[in-house]
Each structure stands twice: as structure tokens, then as C-alpha cells.
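These notes are about the structure you will find just below.
In order of appearance the chains are A, B and C, and numbering begins at 1 in each one.
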Amino acid sequence: MSEVKSWVCTDTDENIWLEALELGAEDLGVADMSLSKRTLQGGLQSGVDLIEINNGDLSFCVLPTRGMGIWRGNYRGEYLGWKSPIRGPVNPAYVNLHDRGGLGYVTACDEWIARCGLNSIGSPGEDVILDNSGSPATMQLTLHGKIANTPAYYLEIESSPASETVSVIGHVEETGLFSPGMRLSTVISTTRKSNKFTIQDTVTNIMGAATELELLYHCNYGAPFMERGSRLELPIREMAPRDAHATERLEVARGYQDPTPGFVEDVFFYELAADSDNKTMTALINRAGDKAAVLRFNTAQLPYFTQWKNCAAVEDGYVTGMEPCTAFPNLKSVERDAGRVIKLEAGEQRTFELEVETHLGEQAVEKVVQEIAEIQSATAKKMHPGPIDRYSPG
Amino acid sequence: MSEVKSWVCTDTDENIWLEALELGAEDLGVADMSLSKRTLQGGLQSGVDLIEINNGDLSFCVLPTRGMGIWRGNYRGEYLGWKSPIRGPVNPAYVNLHDRGGLGYVTACDEWIARCGLNSIGSPGEDVILDNSGSPATMQLTLHGKIANTPAYYLEIESSPASETVSVIGHVEETGLFSPGMRLSTVISTTRKSNKFTIQDTVTNIMGAATELELLYHCNYGAPFMERGSRLELPIREMAPRDAHATERLEVARGYQDPTPGFVEDVFFYELAADSDNKTMTALINRAGDKAAVLRFNTAQLPYFTQWKNCAAVEDGYVTGMEPCTAFPNLKSVERDAGRVIKLEAGEQRTFELEVETHLGEQAVEKVVQEIAEIQSATAKKMHPGPIDRYSPG
Amino acid sequence: MSEVKSWVCTDTDENIWLEALELGAEDLGVADMSLSKRTLQGGLQSGVDLIEINNGDLSFCVLPTRGMGIWRGNYRGEYLGWKSPIRGPVNPAYVNLHDRGGLGYVTACDEWIARCGLNSIGSPGEDVILDNSGSPATMQLTLHGKIANTPAYYLEIESSPASETVSVIGHVEETGLFSPGMRLSTVISTTRKSNKFTIQDTVTNIMGAATELELLYHCNYGAPFMERGSRLELPIREMAPRDAHATERLEVARGYQDPTPGFVEDVFFYELAADSDNKTMTALINRAGDKAAVLRFNTAQLPYFTQWKNCAAVEDGYVTGMEPCTAFPNLKSVERDAGRVIKLEAGEQRTFELEVETHLGEQAVEKVVQEIAEIQSATAKKMHPGPIDRYSPG
């Protein structure tokens, strides 16, 4: 029986750093698979680490420099991700999260899958913290927090020939003196010739006092999964539009229109139905019904789900987000008041799993639809005709 | 006949990156000319790309990392540029444009020629934008915008042996999701043994909706062109001091004094006379009348001109700016109200050309003066004794 | 007689840059001593320059990229420094000093000894500056100023075989157009097999007008010098707690408790007694009385001293700061009003010296205690029972 092979690329504690790495099927001990790591240069990319994994059918890129986000992928010729107006990936050194009134995140977001968090997600705005002298101080939270703009201090590649699986392991810390401090440890794995990869994240409070955790997986898709006539399938327990604007488009919430210059984003908030193990799934299905982008996750870990529709002009970012989350992306104080902000005690950990699949062919897509219908069948849908206080008060 | 030769140094889309490049006359196919590219290291310069071009008589440095600005130059032994209190060139990664109340630009400016823009120029202060949900939001604009602190994602060297011309081509994007998005494409060219180079900039709105454009070429000179007794020559159509302070020095507006500790900057606003093709020019001439720094541009492209006089102590930056611009460097809302902010429709382009010359010798300088007089001869000067509402209200 | 040897590692003016350097005893011409320089990679460390010096008994790291701060050290097996919740050293490119309401400094501080300054130290908050047009403008000062997050533009290693001394020389400039501009020139030296190193700093106003200087040496210690029962010994002329919180713990001011989750920092302000040459010293002594971390400095150069007690949980940063300073770390306007902000005329210099020693063994520690007692013997202590207006008004 073959053993697990491992390549440590970055370990700041041990002064380990591999500028570049190329691993073929023979190195990995897994047929058809390969992996390359390099450091990008030029423009806003300068100094960004990039790992590309190819399992034979599916390839995707991991960005250690951007909090272990997933940049983009390709499954049997289908593009996975979206076309952002930003020519990334962007080195966080070039990002000022406080720019544009706290919307600086938008100057650097072009990932297929970006984590938002860890101490806050959602809208920019004021929050009250305790400063170094223990006094309340007002600070500005920035859109979607910091983790996507924080480089990993540890990076390792692991290959298990026995299970034909290759994993990228990364550790990222969002911390500071007199500040919340959490470690994200992620294992991103894919198996030979599979149509999916899995993200297994463990978030640990590394400080001596309790802290707050918010986490959202911003999974963004444009063409070919998003197009006029494509639809979002998901098993609903409860759903409400975020605001008056989304209320107007509630009837077409789960459908998509052509790229539309001047389109203003719609956001819908959900709690999803799940099976008896709390497993649920969502699917973005193209018009022809032969391509589906699927997420699988656990509502005990990620109890909320946000649908972001940005049917804007192609140049502006024609994109929709399927966003499993621990809280809705409102201003943090709203989420705190609503009881949706997780309190992590000193040393406490939480684990989050996300499976990211691509299904091609009518038959495969139909099976996905049936799976969702089955989950739905056990749960009545509660559809709110407008915003509800519990989700997005006033 | 010889063909155009080309060296792509940076192309982030194609993963092209040349850390260093040395091209001699033989490589370029042009006698007397040479070019070198390197990446600076140490201090605030770490990671800054620098290209130095030498046409035999004139040499100058281009900074891809700083929005394709021109760092400094030398023509037959005369220094072109100024002595900033900043030891640059500064990597934008070390610049916080929001520092010092939005004046962060001043912590990094030491270029001979820096572009200000693209979405805003001028004073820091509040502006209202539409945020991701289409709602008005207040943001802080920072002094002179972002383009000078944005790295180029594409960089190419071109040599045309036939015309004995070498060009540096660069592309820079100032963009973001839910943000204005424009591409600056520049071609900076010089010909063997000439006393000048040309900047040809094309700005394209790369987004799906209209956007606002402001652009100013901050062309800065200290000694030996600026000194006590040097003067600014330019054909005037209309002119007014910016404020009460400049009004007090209106009579000596176009003359210069010795470096003066405690000197507070004076700014004068102009609209220039031009010939029938809208061509105009300005010249900074030294006391002896044997050195002239000359700009040539087109008032149809750059209808306004700002004279910045900072006769400060040498240590503080003894410098004057000749600044052709599309709007005055007031707070953007002032310029918007005055109708001077350009609206670029989706996909629309604007081209701007600037010729940067150096003339040595009394005869050559006298010819420059005559040229300016000739342009002036067809136009009456309208000189305002104080600030006018149309240029700088309130 | 042997000559001084020198290695210039960084000189941005001369385009000198050594990526790595390894010097052994033979290279240095000093037995038992060695030095290495390297550039860190990975995580927030990417691009940070680090120099490690070993004198045979004492080793410590200097951080040119972080304003020539001292990262951490080791003396005969005893760790010098503290355990910060930050996994540094952090490249300033990843630091936004304006984050967390101006507390961004805390996202990057993990040094044993960091300089705070040069134009301001202490609490974040509003200050009034003159802007480019000479008008008063409000800006936000950030915690502890900029110098610790500014890279050195000049770095040189010097070895003097005759005196068996190796020095690291660094120059850092904190400057900007229309801004205060000062140069820090530091010489950090250690001698073969000694228990100490010395920091000799010269701060020069490089601008043409007077400027303000504040400087504080944040010398941070955790275990094994700080522990339950350890104590701070220092010769006191006057002392007061910073605020109501510190007043409550005044009686135990100079003692230390175990790491305590939820502990809120205490700060005590001192003016120290000194000998007839203005020399003074402070010592942090462990419980057993056999380990002492000692600072020696001159009250004519550094007239104030701040004791920072942060007996927090180990994970949160269990640390105490001995902080010789030119002013207390209050908001700058408080210090200005109290007359503690230094005014440096154009070209004026100030020199500051700090000796950093480690003493092991009861006998050596007892001698330190006696030295301090001797300095104290000539001066009466003035102990204030609460905050005094002169130190921290209202």
C-alpha cells in the first residue's frame, strides 16, 4: 500500500519557501493528475502565489496569497468562475480595504470562490470594539472582512496514491494585538477524474478570550452556468428578499436574465431545507439544462444561504453568487442583534465543509434536480413576500 | 527595409515577465540608442520596475509600477525633473492614499511627470457614489486619484529601425467591481538623438456604463530650469489665480524666486490660446534664457492648464508644475458642477498627446519664445485680477 | 592593527542590493561572531529583510524592512522578546495603519524592540496639520506613528576586529511633500561575547522648516523575564498612573501577575532619577532574582519612561514594555500642550542612545539592583496617588 506524499511549500516558522513546484502524475503517484505552483509577477499580481491542480478532468487554481481562495477552474472545457472587471489575482499589498467608503474589497475580487470573514462579513459600516485600554471605540468595518486579503503562512501539498487524492493544505491567520485572532486551516482536495473538489475549513480562536466569527463562501459563477434562462435550484425552508429592490424582482428571483447594463444587484436570503443529516445542496443550472454548478454543504455548519444576482453588463461583471454562510451579509451589528454571529470561546474550533461540483449532460443535471426535490419534499417552503425583520431589519 | 522589433516584458494574461532586460544599439537596430529594464530593491523602492531609455542625447526613466509615470531624465547633462523630499520611486504597496486626510499621494510623489486621474484629480474630500446596491454613498476622494499608484499589467518595448524610434508601451487599469473602470494605454516614444519624447495616451471606459474621467499631467521641474529669474512662457486666452493667496502674487505669477523656506504654493489656472489645429505649447525658461523645458499639447484634448509654483526650500521640494489637464485640480464635485468632468460612455475612448522637449542654447530658446508669441498673437488675453467662480467657486 | 570592514547591503541611491549575506568569524575578523542576512518569504513576512547577529553568547535579529526594529533575541538560551499573537515579522506593505480606527499598528507588532515615532507616538486621534495650501486641515494620527512600518533605504554591516565589535547601520526616512521629514540613522552594535547591544540613533530634520519629533523605544519582554512575581526596578523621581484603571492597581504597579485572560493593560508614567551624567537604567527581574533584562539610557535624551503592563493570557500577548521616551504615548495634542513634543529646526539633529543588556545569575542581578538603588539614593521619589494633569490631563 502506498503512503501519503507531502511537499511543504511555505512554512514561515521553519523558513521554508518554494518559489516554484511542478509535480506530475509520477511525482504525485496518481495517474492523470498534476500540480504546479508559481509566483505571479507584473501588475497587481506581483508576488501572488498560485497553485494549479489538474485531476485529469477538472483543474482549478488556489491562491495562498489571497487567503486560500479559489481563483478559477475548468471542467472538461467549461469555465468555472466569472469574468470580473478586475485583472487579478490581486496581491493584498495593493488593496486598501478602507477605500471607497469601506468597499475596498471590490477593487480586488475576481475569485471563483472567496471566503468572507473571519471576524466580520457583509456591508461596511461602524462597529464598536474594545480598544487597548478596554474602552469602547468606534471602528469602520470593511466589506466582507479581511481573510480573502490575508496571505497564508503555511502551505503544503499532499498526495494520497491509495485514494488517488491530492490536497492543498493552507493556514491563514487573521489576528492582531488587542484584536480578534482566528486561524483558518483549510484542506482543499480533489480525486482523480472527479467532477468536484472539497473544501474543509477549520476555524480556531487562537486568542485567550472569546471572539466573534462570521463566515461566508462567496461562490461566483458567470457563463456558461449563468445565462438568460438559467435557474437556481435549492431546497427552501424559508426565503425573503433583502430589500425593496429585491422585492420587486421576487417573482423572478431564481431565474436569470441576459447581461443588462445598469442592472442593480438583487440579494435574496434563505434558510435551506436539508436531509436528516443536515446535508443540503444548491445548483445553478443553464438554460438547456445540461450544465449544473452544484454546492453541497451542511446546514448545521452553514445555516444560511445568500443568493447574489448581478445580471450586469458582461464588462461590469455578469455574475451570481451562491453563498452558504453562518450569517447574512448585513452590517455586523445587525447580525449580532439577530443572534447570527457565532461566539467562539478561547481555543474553540468550528469546521465547515463545502463540496463544489460540476455536472454536465442532461441526465446528470436531471439527477441533481431530483436530489434537490427530494430534500425539499420533506419541508414546506415559507416564502416571504418582502423583507422580514428577522433577516434584514429596517 | 527593416521591421519593427518588439520585446514583451510583462503580460499578466500570458504569464510573461522579464525580470531584467538590456538592449543595446544592435539589439534595437538604432545607432546610439539603448534601453535597460530592472526591478529595484530596498526601501520603499522594493519591487518597482524601472525602464531607462537613452536616445544618445536624452535619457529618461519610465515607471511601469507607478502607472507608467516618467521618473526623471537627462538631456546633454541637464537634469530633468526635480528633487523631491521623497527617496523614490515608491512602490504603491507602501502608499496609503487615505493617509494625512486623503493627502497620501504626497508620501510617494517624486516623478518628473506623473499622471493624475483617472476617475478623479485634485483635492481630497467627499464625493457621492452609487454603492453596490445602487444607493448613494459618501466616499473620500484622495489627492490626485489612483492611476500614478497603480502598476501596469502589460509592458512592451518596440523599436522601429526605419524611423529610429524606440517606444515603451504600457497598459494600466483603474477598476473595481461596482466601480469606475478605465484602461490607460500609453505609448512613450523617442527618436535617436532627439531632444524630446512623446506620450500618447488612450483612455478607454472598459465598463458597461458611462463613467467620469479627469486627467492631469503633473510635469514637474526644479533646477536648472526653475531658478530665481526663470519664467513661464505660454499663450494665454484666459487666466485667474486659484485663491486669495495666489491673487497676492498675481503680478509675479509667471516669474520665479529663489528657494524660500516657508513658501506656500501658488496655483494659477489657465485656458491657453492655440493655433488653428488647437496646438499649443508652454515653456519654462531659465534666467539666462538658454534652457527651456517645453510641453506641446492640444487644447481640444487638454483644454485647461494649471501652473503650480512651489518656490519652497530646496529640501522641501523647490519645484514648479506645468500641468495640462482636462479639468482643474479642485475637488471633483467643483469640477463636475463646472461641467469640466468628462463623461465617457461604455467603451468610449479618448486620446491625449503630450510632447516633452528640452531646448538648450539662446537661439533655440528664442525660437521657442517666438513660437509662443505667434500663437498668442491671434488671441487676446483675458487676465482676471482674482479668483473667478467659473474656475474655483467659493 | 586591523581595519574596519564593511559590507553595504542596501543603497537605493547606488542601486546596491544584496539578497543574502553570510559572514562567519573569519569574514568579520572577530572570533565567535557571525551574521546572516536573508529575505523572508511567505505569508505576511514576504519581502521582509532580516539580519541575524550572533556574538557568541547573544544573538538578535534586526529588521531593516520594519524601520530597523529588533525582532527577537537569545542570550545563553534565554529568549529575548515576547510572544505576540501576530506571526511576524510583517511587511509594512500588508499593514494599514488606519485600520481599526487608527490602531492598525497592532496588526503588525511582534518586535522585541520597536521605535515609535518619528512625527508622532501614542494614541490615534485627530490632529491639525497645515495642508499643501498652508491651510489648517484635520488628519487622523495613527497609533505609534510610522517609523516602525517604514523600510530602510540604506543598510550596511561594519566589523571592527580591533574592538571585536560588529555593527548594523541603517537609514530610514519618514517623509513626504508638504509633510514632516526626518531621517533616522541607526548604528546597532554588539561586541564579542558581551551580554548587550547598543542602539545609537540620530534623528535629523531633513526638511527646510522646523518639525515635531516624538520618539519612544517600545522594549517588550515576556517570559522568562516577565512572570508572576517578577518586578520592575527603576530609580524614580516622579511617577503617576495614566488613568483610573491604572490607579486601581497602583500598589502592584511594579510587580507582575500570572497571565490573566481578560486583563486590561495598565500604564504608568515616570520621570526617572539619574546620575550626575544623566545616566539611568531600568530592570525587569524574574521571580527567582536570577534573570534581569536591563535598559540603560540618558534622561537628557529620553526624559520620560512608560511602563506598559499587559498581563494578558499567553495567547493574547503576555508582555510588559519598558519604554524610554521623549514624550508620553498620549494623543499628540496632549503632549504638545504639555510641552513634551520636541521641535527640530531645519537640519537639526538629536541623538538617542539605548543599551540593552541581559544579566543572568543571582550575583549579576543583585549588582543591577544595587546600581539602581545607588541612583535612587540621591533622589527623593514623588509618587502620585492618581493621574496628574501634567502627565495625562482629563
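The rule we apply is simple: a contact is a pair of C-beta atoms (placed from the backbone, for glycine too) under 8 Å apart; a residue touches a chain by one contact, two chains touch by 3 or more.
Predicted model, so just to flag it, every value in this text is computed and none were measured.
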Q: Compute the shortest path length in steps from chain B to chain C over the network of touching chains.
A: 1
Q. Chain B and chain A are one sequence twice: same or different residues at the contact, by the over-half rule?
A. different
Q. When the centre of a chain is set as the mean of its C-alpha atoms, what distance in Å lies between chain A and chain B?
A. 41
Q | Multi-partner residues of chain A (each touching 2 or more other chains) | A | 47, 93, 96, 98
Q: Show which residues of chain A lie in contact with chain C when the two form their complex.
A: 10-13, 15-17, 19, 47, 92-93, 96-98, 129, 131-134, 137-140, 150-155, 173, 175-179, 181, 206-209, 346-347
Q) Okay, in this complex, where on chain C does chain A touch? A) 38, 40-47, 84-87, 91, 93-94, 96, 98-101, 103, 106-109, 243, 245, 259, 261-262, 264-265, 267, 312-317
